[in-house]
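What follows is a pair of complexes built around subunit A, which joins subunit B in one and subunit C in the other.
And now, the complex of A and B:
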């Protein structure tokens, strides 16, 4: 049994002994709660990707690198300004928001005019190149070594029969709060209404006076800021290194494949399903294949139900 | 005019066949052999992406499938590499065929995700099942030629493969099939309405591209002497995409020129700059996509038009 990473069950005692000790039902409950907790954090990543796809109809392959940069920025704000995490997190999100807007303006702008024949193809390749660029930049700037944000809440939190590491508990609460805030923002504000309009019909929104290019920059900035928040929130677990973003990127796509592209409840449910499947799979099947369960789900969903659980039929 | 591409290819073949007589340095022969490996991959990926519009991340993973299939046949069954290489190509073709069949309904982003998942699962299995595959350390496989023969025999095998794929591509792009494939790229619905069996031709494209990728991987394995899961990584895929983008997607010569250019440039970036080469290439890739869509080939055709004073619009793809 793997004793590192967020998905590993509590690592007290050595692997098999412990399974015998604890009754199967208790283990299952613990795995389930843990899966849900980590799933909510994954959902934050999925939400960012789904926002970009819903409004801009493009794919951001560099989302994982914004996650990575977010973790670094928060880390450096905390260490150089010696401010607490709760101050550094919004500041870091703001920095990445600005970076996201700049990237959108510089590189993704042509998709709003007719100059790019195939917006999807263009955005796929350019964000793929961007992800390589950010990874290499991070290696050049920060070196290949691990950085660590201290635990936010040391010790365990007892939730009924299940003990959850305090940091994971807090990460789940923070992610859930951010998801709720974004959902309210989209549902209740004028900007949110503009985004929903664009998602429904691009020409319709354009005719009604929505500036597509401006809103796209905002959406892109918000999505990257969400990714940055995810990176910073999970940093005490995953540590920070230049390629830390590739796994969450993968999780994000697996989530939207499960939950349905462009659907916010879908990304929440997809996150939880993925978190539970991974933890169940590693405990009951084989933890060496932990990262492959999600890919298996992704392939199955895309092949047999491409619109996912909550997506609209196209 | 009709025979021009074939004559060009023949001339290229003759020139390249004479190269080992001039270049004596084993190191540069090695660079050229690796270039052949990448030309096989870029040209076949270009057939998927540039011709048919199927974005696949599975290409280098298919090369790994070919390399491992041929390598395992040699190690476990004692099959000579000369027999194993075609069988490796066949194994990758079968894998690619199956991938094509299951992902038929998907396009664009969805297809990209499924092929990516396929690649990760294939590479993940190669990593985890170390008792059979040797795990992350890779699998030592016998070389195609004994070590005493040097690197030049490998050069001619690689050259033969490259000339074969270019011949195939020239034939394909001038045949009806080439038109079918491009019509699928431009508008799948319209081409289906016009009676093109889009399902069959997409599966055909998957299978053929898998075959070439598998051949490339098997050639690589029996040349280097080791196959490892890193062959199928996303980083390798990035390199292949980069070469095609720089050279010019959807053209015949673009992927070849791109592969040669990137390989030679990274040779000069070796040493203190080696770690930075992907950094530079990523910048180049972004700039090309943003400002020079169509890559070098589009740039060349624009130059030629300026020289000829032609008013024909630039053909980007």
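And now, the complex of A and C:
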């Protein structure tokens, strides 16, 4: 904070007041930056759900479990093969991508045929069951105890006036990189264009020669891989346990309700808004209710703007 | 080229087509005539694999295609042009056209085809960068026709390309179709409510009524047929 010249009328008070104001402003900046940083990681989770909803028109209730499995897989790759995080992360994403494709092929494939009348209902039940199945399997395989991925970047990173924990800084950079890569892929490649085509007109994509079922498997795989990345990236903060995916799933849906169902920019903006709201609320109101601020925001949006920021009016 | 035999299709639980039999010959321009709700769209959608028949067979060049998925049918060069709908509203005109060249076999000549489409429809070239949802009804019709051409069709199925168009545009559209038919040797199955135009540019025609085929003949003969005159030409 600079405080000089005639444009700084607030600096005229006594020395103590000045320091209070400066530190209050500094605190606010720091909280804001932290909120944005965590929001970018949240946006990664919103993006995965948005892709699945946009292309397949279904809600994936097991997304949180792919998040959880991603964290475990990356943890075990790191500990058993003793490779660094940045090697284990893409490897873990690949594993979950394959798992996602297999799950789509085995369990969600019927929604592409005319055998399933209501794809949304079908997929809700299937993915809900899948979520329970993965949680119980995780307890069975990995035990109920917490696992921890060590800090990625110990110490703080100084960003101008703000000191950000190194691990959070790296988490934000990694998430931003993944979001950028995915949005470029969707915007610039032939396959990405086909995904947008499916989202905008399913019959139009069909008669243009897009194989809806194949593309859906890819989209589902990519989305679950993004969830896995989110799980691994946040693991140093949240630890890893069988039900670690429940909160991110709820946050993911808060994000897409805020941003607008099926909108990619919406999921990014929604993620950042949620991150900022949680951090602001935690610092200025009470950190015990951290998860409540998202719900509050969600309720406000549902009442005053149910289609979200970027959603299409139906 | 395309043989349809005893085709029955249900749509929303109602029988929309019953025992329809006809063929499109190589290089032929066949008109499909019928009033609103006669089953024209259902027929075209079934031919392109969007709907599955209850009974009957569809054969393309001697191969059964009625069990194939839409993408497989597109790969065989049978392309549907829906009536000005099913565009991708949040994509530019150019991207919409490029979606037409999505099948792998179309990649090589993609640029060349795009130029060709722009020659037929200079209006699309002007609006190249515009989002499809900003187009007028006539421009949307051009866009879906252009998208269909991008797929390098051998047999083109057109669903009411004149619907909602100003009379001048109808003529233009039909002229383009005729050019494509003559210069590229494209086979065309044209579903139309604008019966007099359709009969003038086609060589043969079939007439659908309440899901059944009621008449088949040379277009020139149908133009003078007393029943057709009364029912479809308003004379």
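Here, the second predicted complex is superposed on the first by the 292 of 314 C-alpha atoms of A that agree within 3 Å, B and C clash if a C-alpha of one lies under 4 Å from a C-alpha of the other, contacts with A are read in each partner's own complex, and residues count from 1 in each chain.
We take it that a residue touches a chain if its C-beta (ideal position, glycine included) is under 8 Å from a C-beta of that chain, and two chains touch if they have at least 3 such contacts.
This one's a predicted model, so the numbers in the text were calculated from it and none came from an experiment.
Colleague: More residues of subunit A are touched by which partner: subunit B or subunit C?
Modeller: Between subunit B and subunit C, B touches the greater number of residues in subunit A.
Colleague: Would you check which partner chain A:190 touches, where first means subunit B only, second means subunit C only, and both and neither mean what they say?
Modeller: Only subunit C is touched by A:190; subunit B is not.
Colleague: After superposition on the shared chain, which partner residues are touched by A:87: those of subunit B (first), subunit C (second), both, or neither?
Modeller: After superposition on chain A, A:87 lies in contact with neither partner.
Colleague: Now for A:130: first (subunit B), second (subunit C), both, or neither, which partner does it touch?
Modeller: After superposition on chain A, A:130 lies in contact with subunit B alone.
Colleague: Determine, under the contact definition given at the top, whether A:303 touches first (subunit B), second (subunit C), both, or neither.
Modeller: first
Colleague: Is A:159 contacted by the first partner subunit B, the second partner subunit C, both or neither?
Modeller: A:159 contacts neither subunit B nor subunit C.
Colleague: Once the shared chain is lined up, is A:204 touching subunit B (first), subunit C (second), both, or neither of them?
Modeller: second
Colleague: In the superposed arrangement, does A:24 touch subunit B (first), subunit C (second), both or neither?
Modeller: In the superposition, A:24 contacts neither subunit B nor subunit C.
Colleague: Do subunit B and subunit C touch any of the same residues on subunit A, and if so, which?
Modeller: Subunit A residues touching both partners: none found.
Colleague: Show me the residue ranges of subunit A that touch subunit B in the complex, using the header's touch definition.
Modeller: Touch residues, subunit A against subunit B: 53, 59, 106-107, 110, 116-118, 120-122, 124-126, 128-130, 132-133, 136-137, 139-140, 246, 250, 253, 257, 288-289, 291-292, 295-296, 298-299, 302-303, 306.
Colleague: Inside the complex, what are the residues of subunit B that reach subunit A?
Modeller: On the subunit B side, the touching residues are 53, 55, 102-103, 105-106, 108-110, 112-114, 116-118, 120-121, 124-125, 128, 234, 238, 241-242, 245, 275-276, 278-279, 281-283, 285-286, 289-290, 293, 317.
Colleague: Which residues, counting only subunit C, touch subunit A once they are in their complex?
Modeller: Subunit C reaches subunit A through residues 48-50, 52, 69-71, 74-75, 79-80, 82, 85-91, 95, 98-100, 102-103, 147, 151.
Colleague: Report the residues of subunit A in contact with subunit C in the complex, numbered from low to high.
Modeller: Interface residues on subunit A, with respect to subunit C: 114, 190, 193-194, 196-197, 200-201, 203-212.
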